[in-house]
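Common to both upcoming complexes is subunit A, partnered first by subunit B, then by subunit C.
Right, the complex of A and B next:
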């Protein structure tokens, strides 16, 4: 029954996509009985057309809105416009959590993740740049002075109150430099994200979808690696483990995401977790429609773990992780006010429990090998 | 901790030589029957030895940690080695400070007693320096001043190139054919026009030229251990003036210090491998590769047993241990050379080539290849690869195109990797991952 349903979904997705790319698709719309295995191409099509590209479109839209909110603030640097600018920043930051995991092809080419969201921001260096007006944001060594974390500092960290912050943008001595710096940071983000979006639309989409085999260089194998890498290193470790001190032995609260805002790290994490789960389920971007994805792949393979449906087990673990994190206060207060931050560590452990399910059980069912190991450093 | 010193684990390494070597001479009746009956009887001072039998051999007391004492005082000392490792670490830090000058880096490399070259005042007060011990072993360089000068000139040139070519381009993005910075994951690397990180060449080059050469070709060499009256003094337990150790003991410890001189507890160094940027760190890295797990213990045990053998005046056992150390430490250098070439090859060989990551790997690999000329093939007087062979590898690595590492091909990397692995007891596959 499950196989039959899988086939129906495969066909539906193929029909849906064949309209915009007819000739290359025709080979795959085979009315005959499919092989025992799972058809990877329709999943790639669903990922590219319904999740990744719409995700980058939404992200560039949000950056445009962020730009206009900043334009208003620049026009009149008052508290109300600061609040609106901050809201637009958070909205864009949340959509970023939806696309952060897609670090393959165009995003990998420009190094999008590390150009958009290295935290903690080096705010001393930001201040040097602001003061000197002399900086090249395209340099690798300046990645910790730009992107969302730099905006976090410039919107939330320049003073204790909104009045204090706004005053920085009104003082004759500093005003122009701060405005120019925010402008440069925004321009850099927009340039990078629009490059990635246009590369996806103009060529990489087909490259990605056509590389539909199963080998270490095939799109599915590579992307599943990138996806798990994101979950393990950036969602689990970056947003929780590192500030919790799981790796260093000492909590580092200033390493939470959006430290200067202080109370949104958890929200950003939860958005990232939901993006991971939605991607797993093949859910279309900002939609309730479910397409081919890792979940249906596992179902087609009839993958079980100790007699239980692996798809269900993984979804249940994502849910358990979400519930556990939901019960926390803000990450910053959890870490700063508790020694050790036991409750948040327990939530971290719940998030961690998804790692072996993805990295061992899921990939072995799909015959995908994990190609990343901990970086060797020097 | 102190009670541990008493907990010597007695391992009888060298059992008693059989006294019956003459029992097949039929015209000679066994002169003393008790020498071959597995009992201490007659005038024997041990089982079947001593007295009228052949002399008893002293058992080697092999302690569980690198702890040796005479009259209740430690006889282990390697302060000079610890000092040089600390100087090396500070110098490597200064390499990455783009306000350093050639003069400053040179002064750190060839420190003079009393000069304020380092942050650490103890280092400034020291009469030791690194440069004079670079390519300076008794076995390889005592009568090869030419290569010594050429090798030191290489290190000097890396300092010079860093300051004159890389620093001016610190705030510039590197592209093929011009120096600057390049991203490697979340790190930023600073490279030459041909993709080389001079600080890595310097660092990994010193692993061979300083630590490897001093250990394998100097302090573990009979030329040093048995120099002058060392054996007679060691046999008689004659210590150096004002010291607790014999000269031979101290020479062995100086070898030990170049490997373990910065460990938190140097008597039990495998607890925190990675305590310096040199051999210690990479013994730890190779140990971490399942293909070579156990190598750290083999090296440590050989150092310990060799030292215990000196105390027991068993010089053949000492030299056997030295041979093990020569082989294993040489292997560490060979394994890491191949590892970095292969890692860099993987970094380039993907849809989005990771040049920054690859150049970092290749620069480390370059230094390890350079270090191959200081390795020591056990049972010989020569390295696994001669200076000429090393120079040829490095030329191959850099000459696939006019822009050096920007142009290097997988074929070149594999060819060098294979050539290195072939001469050691490991495969490219084992070393490369």
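Right, the complex of A and C next:
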């Protein structure tokens, strides 16, 4: 008995040593299908080079176009130029939905989201700033007086008709102040976004890609957290849940995105949802090419685990959410005209269903911990 | 048999192993406290949160605000005194109480390791660990003994054996043995670890670790008991715990277990360790070699000690099996899961969204959990029914203060277990404010849709 035990021990110890210095074990054990490991680095490269940086490039381009549309409007503040300015604003706002989720590294450092898209806008404070001409947009207390929501008010909310709005930019008493304020808001947005873009290009890209490990501070772990946080807090709650009143019990229609424009919040939401799904699939920015992403990562893990086809299940849920939201009227009318806004609540539930799939199933499959907690485990 | 048992209980043996164990234990505990403190975890886990999850029956144990630091200081200091063997019985008593109090403050942080420390320090209160090579023995000639009864050392071995063996038994389930879960999920994420990182994607490695882990846990107490296999067993202890330390964030525990395993060795090893120590500290070890035999505790009667320890070990042997009294899948309901040496058996995570309904007006809304819980607490809450219930009751109290009446609270929850697709966890139609926590089965947990065979 003792000899037998000794033999077992020797074997186990031998195994313990051999596993450190060779693949000899694989001959003794049924190797099964050759399980290939998923490389995180190519995924990070794809994210950085084909999705994030092109996204920020497109966004700064759009802001430049917005600037020139504004320059035209400034030259000649007529209705046609206002309409063109508004179109450029919406175009830029849509591209913003493509980059909003990348709040990591440079964007996190400058607080891009907080500075560019805090809504609802405090338009009374905007009016105070315009009237006094005395404001510092870099103050965090002024975040709700700038960015896209401030432009929304200044382009869409100053009057009931385009003629009314244009008149504000032509009245002697106010025009210089309004023009100066729009100018300041645009300059702030451009400055922040070009900082983020150049930081990505000059240094952070490599930092991001090289941090390809699997610790809780590795790029993939951190970014997946940020990605899910965006989906849950800003897309699901910010654009739908909060105005619907699911967290307060009473609908707050004035909290829809682009409230003053009134009829684009659904479009902005859908663009954001599309961006989330494209990112999940690793789709290159503004292209149909698919690269390494969360979807292919899940497929690789799944091959190993023979589990559920999470990639398909998550994509199906995104599709179902899109279809459901597509069937709605504009968010503002859905909320204002229906008590309770039942159809939009149902669409919200469909969007909500993606949250546990991402936050529980996906991260569990990838062994990524949500909201990294640096405490010991068992 | 009778003779054998007597030998294991009453035979006088060298006290050196007990002294070494005391010193190592005290030092390890002190380091653990310092480490915990230096990471800022006291503030983060026990002061920052505004709500704490209590163990059933221990709701009165709360963090002490800023005095929590004092509590940790007391705990750390008593650990040092244990190592020194100074006023040992007070020191180990205070250590047990303060450490256990800390662990009871918030069950979010529950770890089997912490429970092990509590159980071990409770046991140590009854052991004459200061009889040899301690300040107590140095200062008081009458408290100096070179020999102690065998049971004082064997009881520590028994506790360690229970921990290992029960952890091994818990691994004998179909997920662990047949599917290599959860290791099959955890290992591929460890690709950046040196050497091993190249194989973590290989399925055979997950199986090898699963089976190896189970065999190790079941066999190691016996391998350590037998003199012939002891050295190899100790090498295995080091190998096993170092590997787990590399793979998983388990803090000080591996080191504590490695050091604890030394208790199985013959006294000659411990004497050698102590002679090095006495040379370093310039204490004449010969002071302690007085040939005297410790008989029983001067404070507690032998009978009382015996009774308490029989109850203690009876509890240790039986309590881990209490899960058999509950219906349903243990991994799913977790009824009887804690305090049973079920270690690293599950990759489980959940999502819980609470709906608050004002019964008077019918108004409803969802709760933003981050308003009440830290991310860590939310994570732990989302897949454990007793947490969900306690939190629901906390929400009820909170919203009652805000003026809501006839509050009903429902939870929409999804839980994923060992790679299975997430499934609804708690019955969403059950008003949690009407449910009370107890040791009874929680009927509002939805049934597990799969089958995990085994213990």
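In the analysis below, the second predicted complex is superposed on the first by the 329 of 378 C-alpha atoms of A that agree within 3 Å, B and C clash if a C-alpha of one lies under 4 Å from a C-alpha of the other, contacts with A are read in each partner's own complex, and residues count from 1 in each chain.
One rule holds in what follows: a contact is a pair of C-beta atoms (placed from the backbone, for glycine too) under 8 Å apart; a residue touches a chain by one contact, two chains touch by 3 or more.
Keep in mind the model is a prediction, meaning the values are calculated, not measured.
Contacts of A:213 after superposition on the shared chain: subunit C is touched, whereas subunit B is not.
Measured by the number of subunit A residues touched, the leading partner among subunit B and subunit C is C.
When both complexes are overlaid on chain A, the residue A:38 reaches subunit C alone and has no touch with subunit B.
In the superposition on chain A, A:363 contacts subunit C only, with no contact to subunit B.
In the superposition on chain A, contact of A:108 is made with subunit B only, not with subunit C.
In the superposition on chain A, A:249 contacts subunit C only, with no contact to subunit B.
Residue overlap on subunit A between its contacts with subunit B in one complex and with subunit C in the other: 375-376, 378. Only residues 39, 41, 45, 109, 111-113, 184-186, 188-192, 195-196, 199-205, 207-208, 212, 215, 223, 226, 228-229, 232-233, 235-236, 239, 248-253, 343-344, 347, 349-351, 353, 358, 363-368, 375-376, 378-379, 414-416, 419-422 of subunit C touch subunit A when the two sit together in their complex. Partner subunit B is touched in their complex by these residues of subunit A: 104-105, 108-109, 111, 114, 118, 136, 138-141, 143, 217, 222, 375-376, 378.
Every residue of subunit B that touches subunit A in the complex is listed here, in rising order: 171-173, 181-183, 185-186, 188, 200, 277, 281, 285, 343, 350-352, 356, 364. Listed in rising order, the residues of subunit A touching subunit C in the complex are 2, 5-6, 9-10, 12-13, 15-16, 19-20, 23, 25-26, 29-32, 35-38, 40, 212-215, 218, 237, 241, 245-250, 301, 304-305, 307-308, 310, 313, 352, 355-357, 359-361, 363-378.
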